[in-house]
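For reference, the structures are reproduced in the following blocks.
The following pair of complexes shares a single chain, chain A, combined with chain B in the former and chain C in the latter.
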Partner chain A sequence: MATATSTETPADRGWYKRNEIAITPWLFLAPAILFFAVYVIIPIFQSIGISFYDWDGLGEARFVGVDNYVELLDDSAFEVSLWNNLKWLIFYLLAIPAGLFIALFLNQTVTGIRIYKSLFFFPFVLSQVVVGLVFSWFYLPNEGLLSNFLGWFGMGPVNVLGDPTWATYGIIAAGLWPQTAYCMILYLTGLNAVDPEQVEAARLDGARGWKMLWYVIIPQLKPATFIAFVVTIIGALRSFDLISIMTNGGPFGQTRVLSFYMFEKALSEYGFRMGYGAAIATVLFFIMLFFIAYFLWSMWKEEKGR
Partner chain B sequence: MFPRPIQTASPGFQTAYKTLLPISLILWLLPLIAVAIFSIKPAEDFTAGNYWGAPSSIEFAHNYGQVFFNSDMPRYMLNSVLITVPTVIGAVALSAMAGFALGIYRFRSNLLLFFMFVAGNFVPFQILMVPVRDLTLDMGLYNTKTGLVLFHIAFQTGFCTLFMRNFIRQLPFPLIEAARVEGVAEWRIFWYVVLPLMKPALAALAVLIFTFIWNDYFWAVVLTQGPESQPVTAGITSFNAQFRAAYHLMSAGSIVAALPPVLMFFLMQKHFIAGLTLGAVK
Partner chain C sequence: MQNRVSLFGTHFIVEHSGRTPCVPCLRRPLRRLALLPSRQAGHLQAAIRCLAISRFSSTHRTRRHAPRATMEAMIARFQAEHPGLNIETTVIDREAYKTQIRNFLTADSPDVATWYAANRMRPYVEAGLFEDVSDLWEEEAIATNLASTKGAMTIDGKQWGVPYTYYQWGVYYRKDIYEELGLTEPANWDEFKSNCQAIVDSGRSCFTIGSKFLWTAGGWFDYLNLRTNGFDFHMDMAAGNVEWTDDRVRATFANWRELIDMGAFVENHQNYSWQEALPFMVNGESAGYLMGNFAVAPLREAGLTDDQLDFYQFPTINPGVEYAEDAPTDTFHIPANAANKEAAREFLRFVVSANEQTEINNGSNLGQLPVNASSSIDDDKFLNEGFAMLSSNSTGGVAQFFDRDFPAEMAAEAMQGFQEFMVFPDNLDDILNRLEKVRQRVY
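And then the complex of A and B:
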């Protein structure tokens, strides 16, 4: 197929042929950009726009300026959601050390270890809906396994999900189960790539146990830690399924987070306040944007380094 | 290797490790084991308060029979398949093309576009919810599988493009230059040179996206309602309403709903993990 074109002079060839290298990427990108713009990029700006309106989703939208945001300042449910988001952010990060711990535990070569590794990873494949159901039975006030277990030690029974103070922690614990599995698999892959010569050299220098882990192994696991950090932060701020399944925001709205509260305001029996919901979503978006900017900055440094 | 290989430890320590391994696994999977046992128990066990003990009889066929023949579950499962499979195909196709463009060609807005895909992939769903629901309503696609598929394709394109582009960057570039020197058209380079080399990435993404979309709950609730088009994650909540407090049936239903991604994971484990851990090592 090469012979036909090579005999022609550049001027004979068509406009497309001459500009092929410049045009092709855009042809290849067009469908992805179209879809992504319509469903992701433009809606972000639309949402921010809607947050300045009072709108029930059907009738006429009424411009109210920053009224929705002013109302947020006095909304105690919003405040609770914000605090719960903070709890999620902090405690969800426990998945990273927990995942590293399990990875270290499983990083051996005994018979059947591969099956152990995949079974430990198993919870991540389950949908959060199923995880939520399973854990809500685990927490059942009288019949639940947790209450039974505490009963052996003369404690309990406890009603984790019915207790306004503990319910959020109970849900976070359920979320940690699959998230830890994810971090574990990241670290197992990372540990696989740790340079054995450095480890041997450090051993000869007398580094052992914690010192070895802290000064030799963890620095080499940096790429895995970065990804674990990214997915855990995103996961924490996206928490919705578990809350919706396990407590539906209760008891007394004490397990709401921004993502759940937004949904409740905009799309549930509590009324269709699209503008107010959009304002909550915008706040959540800007919290996330702070992290996204950091991730992109790290990636950009990496790209420059190449 | 770290930690030190267990083979170099004392025999006592080795035995301890090998006993600890199965015990820790059982503890780790305890919630799941409990549900599996729940799902084969007879209803009487729960009324008698026997929640966590051994089943008084094995009711496997009865419980799962109820799920398959006496509920909307098969319908929800079919919906999930009809939502998930087209999404996988669409997202992988769009992102293979976009990843090719961003990975091979040098042009000014390349990195900017790439970062747009990456950033979009991280945004909270809620900031998209109201406009996307509106758009879907306007197109007459609310409560249809097509409406969900279109959104999922668009959103997953972000992550997939990140993945594809980074994968293509690792391919040997001289191969493409050689094809260009031969005068091979650009789209042929994509189809005959790059795409065959991308098979591992395509497989990894396909299993990952399958799992993500199968497990999606939020968008299922926002864009659909009722058994005609809702996927199984949303269906399971109405299933639970139908069988309120019937733990044996709810467990069987949950297991059925969770099975396809689990099978996918165990069958395609290598690809699945390769996809998830991309970038975890330099």
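And then the complex of A and C:
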């Protein structure tokens, strides 16, 4: 049979056989592409479309052009949400250095190090809902651990989650707990791949301490840093569960972020302004798109550089 | 299939209408159940249960299942009266019901669904999803016995469902603390404030409140506004005809501010849900709670006896204003797309009948007030007081509740403003201007 095949001219073979190499990858990709299109790509455009309508999800949708966006400009709750998103973006990134230092600290061979590592990784395994509850009890103004702890140093009880200026930071701190663990794991795996010969060479050249870390170790951890950066940024932008659990957006809406505000406007008990919610979602989408585009671009640059 | 009635129902016993839009499982005890139709005829599906993390949810299992058992028993009695009907019922949890009702009213409608009165049913009425049942209200048995709740069921001059239970709001207080301080139930605003001052001076707060989910503050606004400006003004406001920056509205807030400045409310209330605010009252750190009658059950479960716990009607503030009360009503409706509307109507007649009302609202069932004037109420101190108050001492009118009377969007913004006002009373001007802006957009 093998000889028979080889003597056939290309025209004798079927269309599929001739194009097999070009088509097969697409066939394998087809289910994923189909579902990604139906559940992700098309809804993005639908949702952008809905943002031009005034619709309660039940009755007739009324086309209002960019009215929803105009209203957003003048909406103080939207402004608060946007600022909070920015706070999340900035402070959530603290998880990266924190994760790096814990990883460096744990990257040694001591008896039982695996147990310590898994204990440090533990918060990431917990559901965000549990993390939120634990921290909201921790922050309780009178009975909470934090207030009692401060009490030992003569500082009065603080009501972190009830204070509009501090509540968002309180929630971010709660979010940092699992996120740090996540970054730590990324760095731990990254540290395994650090080239011992380079470390040795650097040591011979007299590099130690911070210099060693900054010029030798961290550059080698670049892939891990990149991934940690991506997951932390995306995590910050999609923060929702912690806010919902810990403050429900309050006090008086001061801890809302865009995703939470969108939910409140479109899907909560008092909401069902689908168009307005979609407009908020669209804004959030473009903010995310900015970061995602940057990530894709830098990955592409990386690939090309090789 | 011809004579099949499927039933939807939501209701609850000790909780006020649901508030939190998300992660309800963590905040809501099991008391809220909904009935939904299952595909298997006559089979009652299990509820999608939420785990309750609440200080008062660890005891009294049977009681928590009471609303569901009540519904099942009621349906069974209806079945017995109509053996030819094949009834399907499904139970789902209450929070999910709030979003699912939008789906099942538009597609695959059941024949009966439960919901809430007044503005809460307006979106469905306006979308044409509820059946006009004015014909039922013209029938002698309903017209005479249910007159008190007719207003709450009326939109555009037509009735869109029937009520099946309601409950009073008012001040629940620690009688023993009042006695210790030599205080009596206040008859007017001055006594109310002087009582409060005495309680504050004794190192307690007058009222506990948990405003994390905002609606509890709506109760305070309701009462202060109803007493300062009266029922008609309040309803006019709900209809969007009054500016939030109006001086009469400011008068309401001025009264509220007197209490806030006095230190009447527990501190840090913005951190607590209404259940989390209960321990202050149980521990005697707070002397009272402005709440719905559903607060009685957890307070009793927490160990307060009827000698320690008592109730009074929110006192007069403005002598010229008639008493008006909040009494949220839960209702049954026929979806416009229902297949078997005649059987559904028969069921509604059955639900509001005097005997059935007596039965389902008694202490071992819902423990609330019957809507039928010919029903008898269970011998419970609070139900008796509530019934007397609503039937004879609420001459101004009966409101539903802030978030059921005001349109959803206005209510959400306003309740957030109330919470802010309770924490930072100085922000009042800012809050009122913001609410006025919302009012102009919403109506």
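The rule is short, and it goes like this: the second predicted complex is superposed on the first by the 277 of 306 C-alpha atoms of A that agree within 3 Å, B and C clash if a C-alpha of one lies under 4 Å from a C-alpha of the other, contacts with A are read in each partner's own complex, and residues count from 1 in each chain.
Going forward, a residue touches a chain if its C-beta (ideal position, glycine included) is under 8 Å from a C-beta of that chain, and two chains touch if they have at least 3 such contacts.
Note that the structure is a prediction, hence the values are computed from the model and not measured.
**Q** Should A:85 be classified as contacting the first partner (chain B), the second (chain C), both, or neither?
**A** neither
**Q** Taking the superposition on A as described, I'd like to know which of chain B and chain C A:239 touches: first, second, both or neither.
**A** A:239: touches no partner chain.
**Q** Quick one: is A:141 in contact with chain B, with chain C, with both, or with neither? Answer first, second, both or neither.
**A** second
**Q** Between chain B (first) and chain C (second), which, if any, makes contact with A:133: first, second, both or neither?
**A** Once the two structures are laid over each other on A, A:133 reaches both partners.
**Q** Looking only at chain A, is it chain B or chain C that touches more of its residues?
**A** Tallying touched residues of chain A, the top partner is B.
**Q** After superposition on the shared chain, which partner residues are touched by A:284: those of chain B (first), chain C (second), both, or neither?
**A** first
**Q** Looking at the overlay, what does A:263 touch: chain B (first), chain C (second), both, or neither?
**A** A:263: touches chain B and chain C.
**Q** Is A:76 touching the first partner chain B, the second partner chain C, both, or neither of them?
**A** A:76 contacts chain C only, not chain B.
**Q** With the two structures laid over each other on chain A, which partner does A:32 touch: chain B (first), chain C (second), both, or neither?
**A** first
**Q** Output check: A:255 vs chain B and chain C. Expected answer is one of first, second, both, neither. What do you get?
**A** Neither partner.
**Q** Determine where on chain A the residues touched by chain B overlap those touched by chain C, and list them.
**A** 57, 129, 133, 140, 241, 244-245, 263, 267
**Q** Which residues, counting only chain A, touch chain B once they are in their complex?
**A** The contact residues of chain A facing chain B are 1-2, 5-6, 20-22, 24-26, 28-29, 31-33, 35-36, 38-44, 46-48, 50, 57, 104-105, 107-110, 116, 118-123, 125-130, 133-135, 137-138, 140, 143-145, 148, 177, 182, 185-186, 189-194, 196, 199, 212-213, 216-217, 223-224, 227, 234, 237-238, 240-241, 244-245, 258-259, 262-263, 266-267, 274, 277-278, 280-282, 284-285, 288, 291-292, 295-296, 299-300, 303.
**Q** In the complex formed with chain C, which residues of chain A make contact?
**A** 56-59, 71, 76, 129, 133, 136, 140-142, 159, 161-162, 241, 244-245, 247-248, 250-253, 263-264, 267-273
**Q** Please name which positions on chain C make contact with chain A in the complex.
**A** Within the complex, chain C contacts chain A at residues 18-23, 26, 53, 98-99, 102, 106, 123-124, 126-127, 129, 212-214, 267-268, 270-271, 403, 408-409, 411-412, 416-417, 419-420, 423, 434, 441.
**Q** Applying the document's contact rule, which stretches of chain B touch chain A when the two form their complex?
**A** Listed in rising order, the residues are 1-3, 5-7, 17-18, 21, 24-25, 28-32, 34-35, 38, 49, 51-52, 94-95, 97-98, 100-102, 104-105, 107, 110-111, 113, 115-120, 122-135, 150-151, 153-155, 157-158, 161, 182-187, 190, 211, 214-215, 217-218, 221-222, 233, 236-237, 240, 247, 250, 254, 257-258, 261-262, 264-266, 269, 273, 276-277, 279-282.
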